[in-house]
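Going in written order, the chains are labelled A, B, C and D, and every chain counts its residues from 1.
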């Protein structure tokens, strides 16, 4: 069973389709599947719906697919870093579904775990709750009822994910805060394609320290990553 | 009247030894400078407990950022996890307190801090999850807007981030708690009288 | 008629290269001996992918057991995870197939394999999660009970483990699929005629 | 903030109360909090409800609390290894709520994540579904409806957990299949007490390889563990 592909285009071959639903990992520009996004741009696939916490910046991340008008809809928690996004959204060219960040992460994990709906307090009494099922649970002090809303699991056609290392069977290890949405995004995709900085031989990763088992991973590529920093903040040496 | 740093210092007094805390952007970020000897662990909701200070120039790591997308560092106690786990601990009440900014707060503890209709909407990020989930929500904000109008209202006018979620409000004029029936003055800022604080507050003070 | 090992070998034919598979206790455990060159990764639902064989005497590790609580070993590809993650991948359909034993199966694909009313009830363990979640449920069982009565029924009489969950049944007499309207004979075991298989089956054969 | 206690009795001091609800980690006898269970036996706390996948054996694990009649109710998926359990259950002295194993694990994780209810296909059409809310979601082929049942999050008064190593801030690392129910159990306890084989200085664990962050852990003890093997199976050297 060969999971390793020579490059992003080869790894996506046969998986892309106009109108499809893609879950993408990453937070801001940290841990985003930059090579796969670039290959989707080159493939020209249209009318895409993305579940992704952010929309990149104008010339990096999902932003590059906004410039080419390949995106129909975004499901995100924060899109403030992307001027082209805002232009398309305000002109009605782009649909936008805001999800609270934790709701989005849990929706991805839920879909990946075969859970089509769950209840959360997040968003109760806000616009996020409009039209959603409300239900009381006795979780307050002394069993007092508290109100929750139902959110639905995300089941994506494809997940695109960035990890630090993969072994040949697809076991993944992430690095620091670049882990973020990558595991939940990977879990909720019918197919999951992963780009890594290094593919290592099976057996080189500690079985107790694997962040995402290879069962979730269908195709892997290794490549060079720009890993752009969005806000470079430093302190003075004292 | 308190300045930004005094507000942050006052907010730091709210934190107890051993707490895990989430700090929002703006004045709340400054709170980290005033925790002193207390053992406080900062969460960054993009997947980290034990957030350290900014790196020295040259030590920036693109794989290590905070929820404001700024480069940061790790500590000896640091742990990393994914976003589902991160918001699991937020939603599950494991974070003792969040200190957040606000556009408006009202006397029922409603909070508005994510959108102004008709203006550019960037999204709520993790704010709705935080106010719904953490043990204690402390808002740090200016008492009035630039027109001198109170931001502590009878009822929020902006779309809400959370309903009945705020526990305590720290402003440049003082400290107020959300209680049954309205807001209760806990203390006035240096040089501010209770009358001045009342006059600057639209919300019912009980 | 097939013996236990022949049934296991026949079940192993069901598995495709690259599949992640969960094997129940009893005959299903023997399937691992017959996968040959195929790249099959075994899940143990207590939190492991890449289950290896029993250890050599002296190498037993109390921290390394399978779902049957037997000491086992790890492989180079092994990964460990907690029970919530383990059943997340089961419920989420990531396990391509489960091969399980059964007390009864019926023509609608209902499966009963966890309790006999009035007898000692030990619990369903992970069986209900497996049959509800995995891609393909393959049952391996004797065609009849010790009294000669068919265990492939019109309708299960025992409390169910899952409703409409079984895809394929491999017995000592042959292989049958659950299809619209009943069971369909896929093949007969060596030396078994289709008439014999039909005669031993209470379920409707279509 | 001191989380380290000298022994199990000290770590449980002030936390035990008759009639309380305890979530316990472990699968079979693997990764069970044996020292804490022993201390609960010594404390004599009564009428306990346990959420635990198994009930130990007669003289080890939760079994020792059955012998002293300290347990009122078990929420478990499999209790077949415990004769005393069966005797008490059949004589009506002990309540038993069977949960499918994955449902039990997810109920614990859900409670810990502030999710009071979620939908699962597990148990639909079986006795497990009796009396539970049913709901259809369009998760079948071409959006065809499929039926799910709602299961509730577990919110326990106390979690008792066994890990391999802890650092002084409670960051935990587990070993092999001894991880099992320990992280979800830890997450769903209002208070969580952990026993480990080794407490290491803060900074000695890789921040990328921590299985359960210290935020979930309130008290820690280090001790010697019997770690009994339930089924010793070996193969012949060929």
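Following the convention adopted for this analysis, a residue touches a chain if its C-beta (ideal position, glycine included) is under 8 Å from a C-beta of that chain, and two chains touch if they have at least 3 such contacts.
Going by UniProt, the chains are A, D = CoA transferase subunit A.
The shown structure was predicted, so the numbers you read here are calculated from the model rather than taken from an experiment.
Peer 1: Common contacts of chain C and chain D?
Peer 2: A
Peer 1: Taking each chain's centre as the mean of its CA atoms, which one is most distant from chain A?
Peer 2: The chain farthest from chain A, judged by C-alpha centres, is C.
Peer 1: For the chain pairs A-B and A-C, which is connected through the larger number of C-beta pairs in contact?
Peer 2: When the contacts at A-C and A-B are counted, A-B has more.
Peer 1: Between chain B and chain C, what is the gap in Å from one C-alpha centre to the other?
Peer 2: So the centre of chain B lies 53 Å away from the centre of chain C.
Peer 1: Taking each chain's centre as its mean C-alpha position, how far apart are chain B and chain D in Å?
Peer 2: Each chain reduced to its C-alpha mean, chain B and chain D end up 35 Å apart.
Peer 1: With chain centres taken as the means of their Cα atoms, state the distance from chain A to chain B in Å.
Peer 2: Chain A and chain B have C-alpha centres separated by 27 Å.
Peer 1: At least two other chains touched by the same residue of chain C: list those residues.
Peer 2: 74, 80-81, 87-88, 90-91, 133
Peer 1: Which positions in chain A touch two or more other chains at once?
Peer 2: 106, 109, 113-115, 120-121, 174-176, 179, 207-208, 211
Peer 1: What are all the chain pairs that meet the touch criterion?
Peer 2: Pairs flagged as touching, ordered by label: A-B, A-C, A-D, B-D, C-D.
Peer 1: Which of the residues in chain D end up touching chain B in this complex?
Peer 2: My answer: residues 1, 109, 111-115, 167, 169, 171, 187, 202-203, 207-208, 210, 213-216.
Peer 1: Which bits of chain A are touching chain D when the two form their complex?
Peer 2: It is residues 106, 110, 113-121, 135, 137, 139, 146, 148, 152, 155, 173-176, 179, 206-209, 211 of chain A that touch chain D.
Peer 1: So in the complex, the part of chain B that touches chain D is made up of which residues?
Peer 2: 17-18, 20, 39, 41, 43, 49-50, 74, 76-81, 87-95, 133
Peer 1: Taking the complex as given, what residues does chain C use to touch chain D?
Peer 2: Against chain D, the touching part of chain C is residues 44-48, 53-57, 59-66, 68-72, 74, 80-84, 86-88, 90-91, 110, 120-129, 132-133, 159-164.
Peer 1: Could you list, by residue number, the parts of chain A that touch chain B in their complex?
Peer 2: So the residues of chain A in touch with chain B come to 27-31, 53, 76-81, 86, 98, 100-106, 108-109, 120-128, 164, 174-184, 211, 227-237.
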